[in-house]
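Shared between the two complexes below is chain A, which has chain B as its partner in the first and chain C in the second.
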Partner chain A sequence: MTKSKKLDVLGETCPVPLVETRKAVRKSSPGEIIEVIGNHPESKEEIPMAVEELGLELLEIEEKNEQWRIKIKIPEED
Partner chain B sequence: MKDEPIYLDNAASSKMDEEVFEAMKPYMLDNFAVATSDFAYSMGVDAKEALNDARETIAEELGASSEEFIFTSCATESSNLALKGVAEKLSDEGDHIIISDIEDFPVLKTANRLEKKGFDVTYLDVDGEGFVDLEQLEESINEDTILVSIQHGNQEIGTLQDIKKVAEICNEKDVIYHTDATHTFGRVPIDVNDIPVDLISVSAHTIHGPRGIGGLYIREGTPLEKQMDGGFQENDLRAGVENIPAAVGFAKAVELIDEEENERIKELRDKLIDGMREKVPDVVLNGPDEKRTPQNANITFHYVEGESITLHLDMRGIAVSTGSACFSKSLEASHVIMGIGGDHERAHGSVRFTFGRFNTEDQVEEVVNATSEIIGKLRDISPLGEEEEE
Partner chain C sequence: MGEGDKATLIVHSGEFDKVYSALIIGTGALSMGMEVSMYFTFWGLERLKKNELDKGPLSRMNLFGLGKWMMKRKLKKSNVREMDKLLEDFHELGGKILACDMTMDIMGVDKEDLRDEVITDYCAVGTYIKEAKESDVTLFI
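On to the complex of A and B.
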């Protein structure tokens, strides 16, 4: 079964959502899925930027009622 | 992320040179004795000789005699000893101390504490590049002034104060002068035969030496009250078993630095500053173009927060630091950027790049390119950028 975790950064502003996402990524294992939920508009743009920089997989970005949800996958080990 | 990060935070701490580590090893594994007198066992005598040889090497770098240099645990302790030691010793003669507005925390916070204890502290303003006004210094010295502490090179923006002139003013007015040289020792020459300074704080870990060792130059005859009580070590001015491996490592670190290296570091710094100015619009160099420490570049990238830049650079394997508030864990934005007349936006967008022995030209190019790309993307999503465009 795929391991996954949720990260709630609702109400947090820059750079906290990014800092928390990095923390979650550092503590994750290969193949794990991280779901970040927040509402700070800039973080919705910055987190995908970080995903690319870290070589992670961006699975999904959803936005509803001023809340966004970003799904990130940690790459499997070679 | 890269396997080998690009480390540009050498002012915070630098990678220990392997030669330093090799020099220290025998005093960790083979000779573990404390420094003893000539009447004790040989291992202790050897340890004492190693300690004194290290002391001589470091003192020589300052043009001082080895009797005028003591080891401490770090430059913070050195500055604590300097300020508190002079204040306590001379409290009957006066209660006025002068420091600059942009001192690093060891001097700033020690002065704050002395102020709480009843000393009168004057905080000198600096100009837009971080320079102390020497006339203001001269005017601020009064009959109660016992100590002036003005740093040599600034920790954040690299401003190099004219410590020779400061020392001459203090000397003429018969006031003790201490300088925090943590960010210049080894990188910018200081000769105590030419500069009449009384006390100098120095550190090893900013010049590829070990952490946990610093030192204080104390000109012969300088009044100083011991702050760490205990044994009679370090000329009876700092009790505690000496950290001999670290002292040996500190001396090795001093031996390994030369003028050529400092020139190379300065060239890397200038290449980075030029590259940023060329490739990234709306940047400001904090601190002066000239008269700055060779290893320091501090740049404000307008409309973007320093934390974001630092985090995104880290994700690309590049380590730098920022004067912005959250990241530095202090409640307020950099007191240095604010001290030179910057506003919160300038402080929050400031990033410090500090160079060391192991940095290369290719790294500078990579950092400039990465920063330029990150800034471009962040400005596209930054509300500060939008405000500016309106």
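On to the complex of A and C.
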């Protein structure tokens, strides 16, 4: 089974959602999935930018009632 | 990480809002996967003294502290992370804090006055230039 974890940054503002996402990524192992949940509008755009910069995989972005959910996958080791 | 994925910040100002900006940019750059060094010099270095990080005045409209008090209230209301916590994040994400040796000399600051636990190294301008040359982003704050 794929290991996964949730990161709740609801109510947090710049730069916390980005910083906490980065911290979670650093603590994850290859193949792991991180689901970030928040409502800071800019972070919904910026977390995917960081995902690209960090060479991670963006699985899903979902938004409902001003809340967003971003799924990130840490690449498997070659 | 390729060469150039690096940000080098000079924190020359010791004012509350400017140090806040520097810390937000620094942690932000680390979060985007960059390597970050922050060089604290002149008035910025004052903020590395024990219990001094958030003690600077506002750069504008400080109004003898009233402006700063209002700003702090607003920051709290907007749930902005406290400066000390941002510095902790910066550290946890592998950012480097450098203290300017020469400033310590001219301002009479001893190592014992500074928060040695957050300072990666003590250095001079050559170290900054060397790092800045390898950086994509360098800022003077």
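In this text, the second predicted complex is superposed on the first by the 78 of 78 C-alpha atoms of A that agree within 3 Å, B and C clash if a C-alpha of one lies under 4 Å from a C-alpha of the other, contacts with A are read in each partner's own complex, and residues count from 1 in each chain.
As a working rule, a contact is a pair of C-beta atoms (placed from the backbone, for glycine too) under 8 Å apart; a residue touches a chain by one contact, two chains touch by 3 or more.
Please read all numbers here as calculations on a predicted model, not as lab measurements.
> Where does A:Gly11 make contact in the superposed view: on chain B (first), on chain C (second), on both, or on neither?
second
> Could you look at A:Met49 and tell me whether it touches chain B, chain C, both or neither (first, second, both, neither)?
So A:Met49 meets both chain B and chain C here.
> Under the stated touch criterion, which partner chain does A:Arg26 make contact with: chain B (first), chain C (second), both, or neither?
Second partner only, chain C.
> List the residues of chain A that touch chain B in one complex and chain C in the other.
Looking at chain A, the two contact sets intersect at 14-16, 18-19, 22, 49-50, 53-55.
> Can you tell me which positions in chain A touch chain C when the two form their complex?
Touching chain C from chain A are residues 11-16, 18-19, 21-23, 26, 49-50, 53-55.
> Touching chain A in the complex: which residues of chain C?
Where chain C meets chain A, its residues are 24, 27-28, 30-33, 78-81, 86, 89, 92-93.
> Spell out the residues on chain A that touch chain B in their complex, using ranges where they run on.
Within the complex, chain A touches chain B at residues 14-16, 18-19, 22, 42, 45-46, 49-50, 53-55.
> For the complex, give me every residue of chain B touching chain A.
For this pair, the touching residues of chain B are 1, 305, 307-308, 311-312, 314-316, 326-327, 377-378, 380-383.
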